[in-house]
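In order of appearance the chains are A, B, C and D, and numbering begins at 1 in each one.
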């Protein structure tokens, strides 16, 4: 997953990009970067780590210009070297281009092999570089025609921003997998993965970038081109609602907090357990838990305390510290839990290992019964469009029935929200969402040998 | 405010101290330090910033030993140079001493002037150095007698840890201002400001260090000395319950979460407003809000979203970004708030400026009415015992009536918990707590020219 | 100017490369880099600054492998960013290549424009990248045929090393502008710009790489290919003898110290002045001064002291410190110079500004007469083959007669060695050297719009 | 050994101190520091490494003020932590003092023990801190009387600078062991270990600070106090001439270059060998070699080349690189040495190990005979006054006769200058110099258990 942010027409474009990325930090904590243009020349700064670690006042001051593109990247693979950080910038025939990409191409391997056979030299293993090499081949035709050719060549999920010396360009794949919204700020334009980035800089939301659309923003204003027609099979990622987007964002036209509270209310309709109170695993289960408590009439408690004051620690615990990685973030309040029947709400179970240690911590705090409800169906299939699930073999629900999972987690009861319940809460009954991680029905044909890190194997 | 942590008798003492400080990070974010002894030699590492920034695996590995003392420091003054970080270590007549101190001495100025006149050279402006200079004068009498003499000389609030080559020593002032608790771990001992530090490393809580007590832990076990009798006027800091301690800690024998929930329930008894739902300012108002919702039967919502994913930012916002410092942390969810009558719960109001921008952000999100309840009485007096309140002139309640504050904050209603309500919720009716910040009745006579940073004026 | 070094067949190849570059540091102080292969995988480390600043034990330890290529770079232009540091490595169609280059291509502009029109994307502005892009186009033909095609395409001066996963390859332009020598060490091979690098690691000198030759060193030994015939107009750079190479090196088959002493002896034959002693400007004039003293019978003194103990300073002097940049390095010994007639020996005068302040410093130390002799003819033309002279307009001898220069430098006498004298001392009467900087007769046709930094303008 | 530098009355005092230390870098390469006062407040910056590494433009800009004191430190012991770097600054009773010290106290152990017994806490193991603790005890009497009392208490070698908020104070021990000179610059004053520091900043030499003198420089000018009478046994360090001072300095009123050339001329009178040319070990033997060549009529060559272009390397050589530590700095020119009878001139032999590898390198370059002359007598006794010789056991001449040393070094001939020859060349026949390292006759009684690092053991 990644977050992208672009701005055109603001004296402090880099600073706005900084805060835009800051608001989108939840979409990627591995690297951050900003490229900026003053109309003639592009400068960039990138680094490993959080936005607030990568940039300081001094680096921002040097990024002078009124157009900027920023990117935060998430990756769990070895490929996470600095050179793969984005925006990715190149100079070709006296022009500079900077690209920021959210999503995953599904035909990147064939494209790269074909380009290398023609003599292209690649610097990175990221999809975005393929887009730029394709662009360089046809750049002489003008950016509009060139980008249209590129969009006809690439396949998969892409919400992209392209920076040139004098333009900010946004384009989105015809299936509309990943969100991308457009806003205005004092006569300038802002493009961002989520509306929470607009809120922070006090920009006004205008509309979403449309599937298959290219938006070119220059000194003469905004130009929209429907480069390729929207796919008849729209495939918005429903997992943005379940887990990924920030609760205070609107994505795909809906407020995430309200959707999550509805998911909790649906859960309360589908499953009741005999318990003393409802509590979330913070913060992933917070809003569904509020919905569950409201619909069920059960008291709401915050039975595990999240340690907010600390940074991330990379220190390995001493051997004697069992379940440390959970406790360092979440401490159960024994005085609240001891002797109680507890209903825990969470948004999803992926591998099951984290949930298991969390449940154990609650049991050790003295709970007499522990029930759990999950605000989506079991995740059984990998995602090829940008969500970094583990391979199928590691997804606990791909190999185990719900009863087995309940036993593995040592729960007294477990309920997953039904597919229908989820679709209803998400107002997604019209089939315009991708739910492949639950159903295995992919909106694009996927060859089975493909993996997210296919390019890694080249060198 | 500060947090202190000590361990005796564990092979990885520095690592335990690291995690102990990590759990105590909320007590001080400015600097962190650990001193460790292997029985013969003391090493230390200190730095500015969070525990996770100051230490890495490499620095911890070099801190070999089975005895350790750690410290996190909070300060808003210019005095926050690295040289004032603790533990503060000196070598004197072939012995090394490291001290970590939570609290404030009230006669530090006289003591320092007297010592300098005799030729003592000070390296820092911290109280802890005074304690060590006094100790050096009488060190030849043995640590037990020497420390007793020192405790008879110094006045004010002090919960301290002293590390020598072969001992861990804890001592606490006779009024018992600051908490300090003792635990055991696999036959070794742990001393910490709060029990949440014991929880993280899975140590068992034993008891509190008693007012006026010296506890000396060495290879022959633990020795307790009542160096000076406990003061008949006990003065435990009630603000540890209201705001300072972590909700999952027990301090002064009570669980902080439960106390805070009781404060919210008391508020619901004292003040009702005609509103649609209750919401906290996260996270300071969380537990009182849960209590208020439970006692009042009103729905509980999380109407402002705290941005958890980000580090601290030091970048100044662009001029156009009004109320930025609030919005960067807390984003109101417009879809929840718009058109609603909102009751906001918070723990305290100090200067009033932060509360004011928060209230404004909620009003801009579209609230029709905003009421606020505060889980303690108005703070009217400075603290000389270690809580870093601003000077009296800056405390909004020192100069203004509640009605004026309500008007300043632009609220439709405001209620502070009564002193009696607070004492009852805290089970503090027996007068054993210091409530001077609310009442002005100080348990120790304070000369009016004294300020926390008096030593700063020396050089 | 640059220095290059390669090694094949030593367990600590990176460490040898480090010391080889250390010995070649005089050929480039701006950046340093080493790429190493363990037979399967190439790693590199590069940085701005001196070899000893760029590498430490830790970085060297991580460069594991038995084949290595290193490079030190000299540049006075703005183009000196880290990304232009060498060796320059790319991965193409699953193979990695690292190149290190000494010299300058004279048709780089046309080549780059042609490649970009075909869609190639460049990362840097260095000639070496052009060589790799050309190679990528024909790489499928095998390294031997591919490199031959590349050498037929590029023009100008190049002594190059190419590292692949399992080979070390050296190749040199058909004119033989820059030196490149081959040595052996315990059964392995070493290639270096100068023999002083072989001396330091105790390798044995074998022979020079021949003009137009490709030498491929792999696990089956050394293979020599005369890829293109040596040019009938050999053009070895005579300035390597005058100034550039280290005195303890042999280049082009001759010892540099002996050549320089001969230059001094020739000077003594050509010009005698009535003076008390001979002194060099250290260290550039040292060996010619020894030769002059020996041939003339005059006493030799070290009248200005070079400050050896210091690093480089980047601190600007206070305004009152006149001629500071000279004095910080060279301090005249007043007690030696006062009242004396001094003959100063130096190797060359480029802009004249440095010489002028040096002469002034000697005059202020009290010399009664100052004469100067220079061990080469006046430099009047720029170099397009890798020596970083300033543009013609800045070369003092391009615009001024010797008498004018003498007056500008405030000398009582000035003599430049004659072209014939220089050729005789260098044993270069056979016309196999490039002397274009003195004569303007370039061995390759140069289009007048060309400049060394042509690629910088791309931008 | 150390170098000290002070300035009073210049707007850019810190910058002058920087360049003064830069010129004195040969007196200490381990740490560097500058303390500066603007008349009210003292700031300092210190670090490990060379002056040019410790300071940059930014750190210097922050050291605002018109009075400055600087120090470079040399130490081969483990005691070289940053905290022992100088100037050493303390604040006492609202005043700040910064001290810089060249030399060694001989009664430091007794003084420290006495002070600690009275409760003083030491931060470092350097002599300078003892001076400040003594000063703190009597500071209320005024600086003049207080310093006089301190000088009556301490024993040994000390040339010191003391910085207060508004004064620069210089004082020197009554034996005059270490040099210290006074200069003027644009109406301000400069104090430095050697005159080369005055030359670099273009200050005029005025006179030496006298043995036993205190010079106090303030806004009302310079005040001289003969605090204690000069010792009848003056003990200027003759090794400053032989080895330590820079050749372009005057110390103790004589020019070092001329003295060293005289030492070489004396050597030529005392010892002749049948050889082809004279060469120095650069740069320690340079000036004596010039003198020897001049007096003997033999040709002068620079047969080993010093690698000037490199920084220091801390990389360990590969095992196969024999005598690496010599070759990395000095490369013999085989073409000069092969088949020749060589006379090598050097200034001293301490342990003999370095000389031995150097001689071996010359032999491997093909010399037929190697003779060596040394410009001082054999060093047989340790120095307690600031020269960092090894302990007696490691001094080769303390345990071996000249013939044995010749055999150990594998020489065909070896001659040390006689004591009389040295005294004559140094114009030191009047007995006013300390020659204890040659004779064992110490000018101050030394207790045999004393060592330079005595304080280290405290621990």
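Things worth noting here:
Going forward, contacts are C-beta pairs under 8 Å (C-beta built on N, C-alpha and C of every residue); 3 or more make two chains touch, one makes a residue touch a chain.
According to UniProt, the chain labels map to these proteins: A, B, C, D = Amidophosphoribosyltransferase.
Computed from a prediction, not measured in an experiment: that's the story for all the values here.
Chain centres were defined as the mean of their Cα atoms; on that basis the chain farthest from chain D turns out to be A.
Here the CA centre of chain A is 37 Å from the CA centre of chain B. Between the CA-based centres of chain B and chain C the separation comes to 64 Å, rounded to the whole angstrom.
We define each chain's centre as the mean of its Cα atoms; on that basis chain B and chain D are separated by 52 Å. In chain B, there is no position where the chain touches two or more neighbouring chains simultaneously. Under the contact rule stated at the top, the pairs of chains that touch are A-B, A-C, B-D, C-D. Contact residues on chain D toward chain C in their complex (touch as defined above): 10, 12, 15-16, 18-19, 22-23, 25-26, 29, 50-53, 55-57, 60, 186, 196, 199-202, 246-248, 250, 255, 257-258, 283, 286-287, 290, 293-294, 299-302, 305-318, 320-322, 327-328, 331-336. Those residues of chain B lying in contact with chain D across their complex are 41, 90-94, 96, 113, 116-123, 132-133, 136-137, 458-459.
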